[in-house]
Amino acid sequence: MDVVPKWAEVTLIPIISLLLAAIFSAIVIIAIGEDPLNALKIMVQGAFGSTYGWGYTLYYATNFMFTGLAFAVAFHASLFNIGGEGQALLGGLGVALVCLLVPWPHWTIALLFAMIGGAAFGALWAAIPAWLQAKRGSHIVITTIMFNFIGAAVLNYMLVNVLKPKGSQDPATARFAEAVHLPTLHDILAPFGIAFSKSTPANVSLFIALAACVLVWLLIWRTRLGFEIRAFGKSQSAARYAGISGVRITMIAMLISGGLAGLMAINNVMGEAERLVLNPTEGAGFLGIAVALMGRSHPFGVFLAAILFGFLYQGGAELAFFTSIPREMIIVIQALVIMFTGALDNMVRMPLERIFLALRGKEVR
Amino acid sequence: MANEAPAIELKGISKAFGPVQANKDISIRVMPGTIHGIIGENGAGKSTLMSILYGFYKADAGEIFISGQKTTIPDSQAAIAAGIGMVFQHFKLVENFTVLENIVLGAEDGGLLRPSLAKARKTLEELEQEYDLKVDPDAIIEQIGVGAQQRVEILKALYRQANILILDEPTGVLTPAEADQLFRILGRLREEGKTIILITHKLREIMEITDTVSVMRRGEMTATVKTSETSPEELAELMVGRKVLLQVDKTPAQPGDVILDVKNLRVVDEMGVERLRSIDLQVRAGEILGIAGVAGNGQSELLEVLGGYMDATGEVRVNGTLMPLTGAGADGRSRRESGVSHVPEDRQREGLIMDFAAWENVAFGYHDDAAYNRGVLMDNSAVRADTEAKMERFDVRPPNPALAAKNFSGGNQQKIVLAREIERNPDLLLIGQPTRGVDIGAIEFIHQQIVALRDQGKAILLVSVELEEILSLSDRVAVMFDGQIMGERLPSQTDEKELGLLMAGVSGEAA
Amino acid sequence: DPAIIFDLGGKFDKSFNEAAFNGAKRWADETGGSFREIELQSEAQREQALRRFAEAGSNPVITMGFAMADPLSAVAADYPDTKFVAVDVTWLDAPNVRQIGFAEHEGSYLVGMLAAMASKSGTVGFIGGMDIPLIRHFGCGYAQGAKAVNPDVKIVANMTGTTPAAWNDPVKGSELTKAQMSQGADVVYAAAGGTGVGVLQTAADEGILSIGVDSNQNHLHPGKVLTSMLKRVDVAVYDAMKAGENVETGVFTLGLAEEGVGYALDENNAELITDEMKAAVDAAREKIIGGEIEVEAYYTNDSCSALDF
Amino acid sequence: MDFLTIIQILDSTIRLATPLLLACLAGFFSERAGIFDIGLEGKMLIAAMFSAAVAYVTGSVWLGLLAGAASSVALAALHGLASITFRGNQLISGVAINFLAAGMTVVIAQDWFQLGGRTPSLFGGARFEPIILPFAEAVADVPFLGPIYAELLSGHSILVYVTFLLVPGTWWVIYRTRFGLRLRAVGENPAAVDTAGVSVVGLRYAAVAICGVLCGIAGAYLATALQAGFVKDMTAGRGFIALAALIFAKWRPWPAMWSCLLFGLLQAIALRYQNLDLGVFTVPVQAMDVLPYVLTVIILAGFVGKAIPPRAGGVPYVKER
């Protein structure tokens, strides 16, 4: 039925869309008196030109994979979970508590329990809005927005009044013990003779994020539960007919979603900062919405979109090192990328459809 | 009369939806003051052609003449201005608006609503009088029956002073009484000199009311004939391209044990209204119990309760086992495990997930089945293979398991649901409106399948608003009215008239 | 060349990053030298920026804000030949880091005194940004100063919020100001970044006095800003840049004695500060420097005896 | 809590509720026409920047208001282009617009004023001044009603009065005019509007434009009436709260006003009673800070049933593919 062949759908359209975003970004950069080509060079070089760049790109991408997957899972059940930010914050609290309260002998065990802690706290923060939605019909968009605010306050309270080491001026927990420090890509790749930059935060969480992509893909497209989640998301009336419980699906989908968002904390809290600071998520929860929507809620799409945003973050940081383009310019570029690839994609698709139709001729039904 | 210009003349209309050529070089002439029928298989392009005439779609090529004048119809506004009104197959009403608001929408006088509504109310009264089209102007659309909704659509067209009225499958959702009333109205409109185009799958209606009839097949106009010079058999053959049995061919039933036993079943909805009042019925193995009735008299609730997803009180036994009617175990899945299959009345809302591929829809509801699973994962290739087999047995077209349900025509969608439910080899099959909106070729096939299932010794509960269907398929007929069973008849000992009276709530003794 | 890393608020935060930027610019203007700079956007960039500049040969590398302490502790040892200057950090054990802390509580003490003396109602206000220890530290010194002048003074203290949005919500700043006014406050001290813009504006509109923070904000509403609590980050940065690669390392706390903190007196507020007020504050200043008055720091016990948070 | 405190809290409520209400009504028009808009925040923000910038440069707050509204309408048009013309994902478009505004406001303001993305402070005619209602001073001393009139009702900027008049205005337009009927219809079933001979695209663009204008006023109110200039990110999440209020109000104008007032009230109370001392223990500041959000969740769970959005909301109107 589709006019545009699949290969064009997944390559041509995104590429043209990105090109358009780049052109408009260039216009803005020219308008503030800078050189867009140079900027692009710096960004690509900075993000992909060295293992150092890759390290940062992949670090950010890891965050976005978790939050993107989190949003995508709930979205398949047609639940609009805007609460990824708050769930990831709480996940950070969970991970920090696990890392601080127990003297772990080795990072592997610590990571396992940190994952459980982060996911559990994230899931908990999703559970209340989920329950309210399932049982009381309270709109999940509002409740999750509210829970983002509440989560930030909880974290603030915990850091300022409970977890901050006495006398420290920094509203952050103490540094985690050496034993729970996660191996970085440098550590992991060195045995294979691959020299990866030592000073980047990309760490073993990347592989957990990739595994999460595969697992979510399996869950959504290959398991009965995923089938039910999608069925419920596409048609609640049909789900009722088939005996798929809406309460159950709503709860499960949101718990998985919150759990994934909470899992992000192993990357930023345990892997990078190695302590819990205020606002550790820095909007990754919100960006996860864009990542998931751009990735069409498919784990592979989420993966690609996460890499793209990782590139924008790291490339943008490089831009800040080497040019005097204001840092808000990066936000503008992100906005344009989201706009063109996510919302204005039909602007590219429609003319392409016409071209492909003309190329193909008509078949009669 | 003879050299009068046709009310409508279409010349060489073509229309493609992407790769699908829905209409191909179609020409047609309709004389004023006549009723012109259009028949054709599901997906033949009937609705598309009419939507072009109404300016809803734009044709790729072709010309339109209205009363001899070449007219371009870029949008519905232009169609309305040219005196065309259309009642779509799927009504285009705003569900939570009142009847009056729906009627004035787009035809208001002036910027303020009140004067428009007041004027419309008056005009509406006159129209109601004139054409006997009764509707409460202040009723909310979603709270009135489909029959009334259709009257609203007709009133909408008449309010816009349409001279040409297009009706796309208007009787698909109507009871015989409602259909008769519709035809009386259409007859009156014809007398007034209005031109009517009627799309339908029911040859009886074509024969009954049209003056001329066109047949469409796969986007082309294959024939246009005078109704008086043709026969249902000929039309059916023109349409499907082969001979079609218009009568259901079945042997007498051989009822066995009681499979479904319902006692004192009651349903009260959230508003406190009693939807089912003390229903008692039994269905035996190897028989078809037909439930006739005007839509909205409790049939849907009955199916939902038996299907497991509406709370009720009373007793329901399947194969002697008591079924829970509320709480745990009262859901579709448990019911299926007890040997009950259910073809729901509304295939698009309940029976199918329109965005799912055909193969996913075949698994839908049975996705727990061991045959569809391998360990924790679903065995998609097994489902696909099964779907291919089912599609072939049920002649689903196109036989492509990867196609989304929404891309199949109504008849083929229905076949997918039937294939899924029948092939489960259930003890009891609940089946609602099996042939709504389905073309005759498909109806023939579906009916054969239902009878074959009965002959295998299954119990079948059939709910339909098509009396003809009920009478030809059922071994016993029960009539529902206002949540109660008004009476039971044997098809051989009753007729449409008697059943019609029961459906109207006139009790058995009086009838 | 030196390099400077601005904290997440950005170099134009109207607060201490901006002060740092001004110091750096002054150095550049005076010496014709140039410096590299970056405004952080995310936590992960802290370490990145440090390494980036260190590897590029920048020396010294100046960082802003307490949050740089942690990454510095990890990075500084890797670049023993690079000097780092950490503003608002005083607790690291790193030989190549110049750590500069400010005795904000001492400066706040002085403006607290001025507030209490200028207040006719006997009630003064404090509006903080995000609720973090640093801001409580400001508030604590302020309360002590006010109480030193008038033991019965009522201090109304509010925080704008618990998320980073608290630094950029002038509307909430305005409402808090009005709320404090209704509780009697006629002088408010804003330590709230962009939110303070709203505080100063509303105080000016409503005819009460306000106190600015970090840099001299007296000029924003001449005659209506009582004073500003100065935190001479600009001087610290200027000095560090001037010293260049030879900047002295170690821990330096800049208090009243070092003129690292203070209160602003200029033509914009000359009429608001009477001679008696000035005399009293200057006397207190001497006593603090002399150790006769000890201003309690919030950090000592994570609590403040003069003010509840 | 004495009477005067109550008056003051209510006064604060009105000021805090006004931008919420404007944004909420903006969302109302858009969503009632079937276009979901999570970009209210971004539109407010850009309007705040342009209104302050232009007001500063021209010295006229009215020109500022105009510029703010125009910039907001421009973003609304972009949203319309994405979601109406190109049938894109309305949520993504909204997210993008929020990002775009957050970035562009600072980039432009920095380019123009070099104040780090702030605009210079406004004064005099570049700001909306409070309006003192007639006799406010004279009746101020009348017990009870005096303060209500003089303190609570009088002394707001003209935009506040306009905003509250917009509520009955919106109600009237939506329920009493042809435009309103069509607007509601297009949000419920665009096909019905289309087949009735009315342009779906035209109606939706009109709705989105109205949304832009109202967000523009909201932004201008923040920057030129409540404040005297633009500070980056100064909307501080108000667009999202407005959205919550809209859902809370179930997409109806009067309840929208009440829910915005409720949010305003909760904020006003939380601002005034930080560190609530209950004798036994002191409620921490964080708890008071989130009070409005917690209460929202409780109210939502306890008292408001299921909110049914406009049925065609969020779905692009496609009649053929």
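Think of it as A, B, C and D in the order they're written, each chain with its own count starting at 1.
As a convention for this text, a residue touches a chain if its C-beta (ideal position, glycine included) is under 8 Å from a C-beta of that chain, and two chains touch if they have at least 3 such contacts.
Keep in mind the model is a prediction, meaning the values are calculated, not measured.
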Based on the averaged CA atom positions, which chain is farthest from chain D?
B
Would you mind pulling out the distance in Å between where the CA atoms of chain C average out and where those of chain D do?
34
On a C-alpha centroid basis, what's the spacing between chain A and chain B, in Å?
46
Whole-Å gap separating chain B and chain C, where each centre is the average of the chain's CA atoms
75
Distance from the mean Cα position of chain D to that of chain B, given in whole angstrom
46
Multi-chain touching residues of chain D, meaning two or more other chains, are 110, 117, 232, 237, 286, 289-290
Sequence positions of chain C contacting 2 or more other chains:
10, 131, 162
Which positions in chain A touch two or more other chains at once?
149, 153, 156-157, 160, 330
Going by the touch definition at the top, which pairs of chains touch each other?
A-B, A-C, A-D, B-D, C-D
For chain A, which residues are in contact with chain D within the complex?
28, 31-32, 80, 128-129, 132, 136-139, 141-143, 145-147, 149-150, 153-154, 156-157, 160-161, 286, 289-290, 293-294, 326, 328-336, 338-339, 342-347, 350
Parts of chain C lying in touch with chain A, wherever the complex brings them together
10, 36, 38-39, 41-45, 47-49, 51-52, 66-67, 69-70, 88, 91, 130-134, 137, 162-164, 299-302
Name, in rising order, each residue of chain A that touches chain B in their complex.
1-3, 218, 222-224, 227-228, 230-231, 234-235, 237-238, 240-245, 353, 357, 360, 362-365
Chain A-facing residues of chain B, complex
16, 18-22, 24, 43, 218-219, 307-309, 331-336, 342, 344, 346, 349-356, 360, 363-365, 367-368, 373, 376-378, 380, 403-404, 407
Chain B-facing residues of chain D, complex
175-182, 184-185, 188-189, 191-199, 311, 319-321
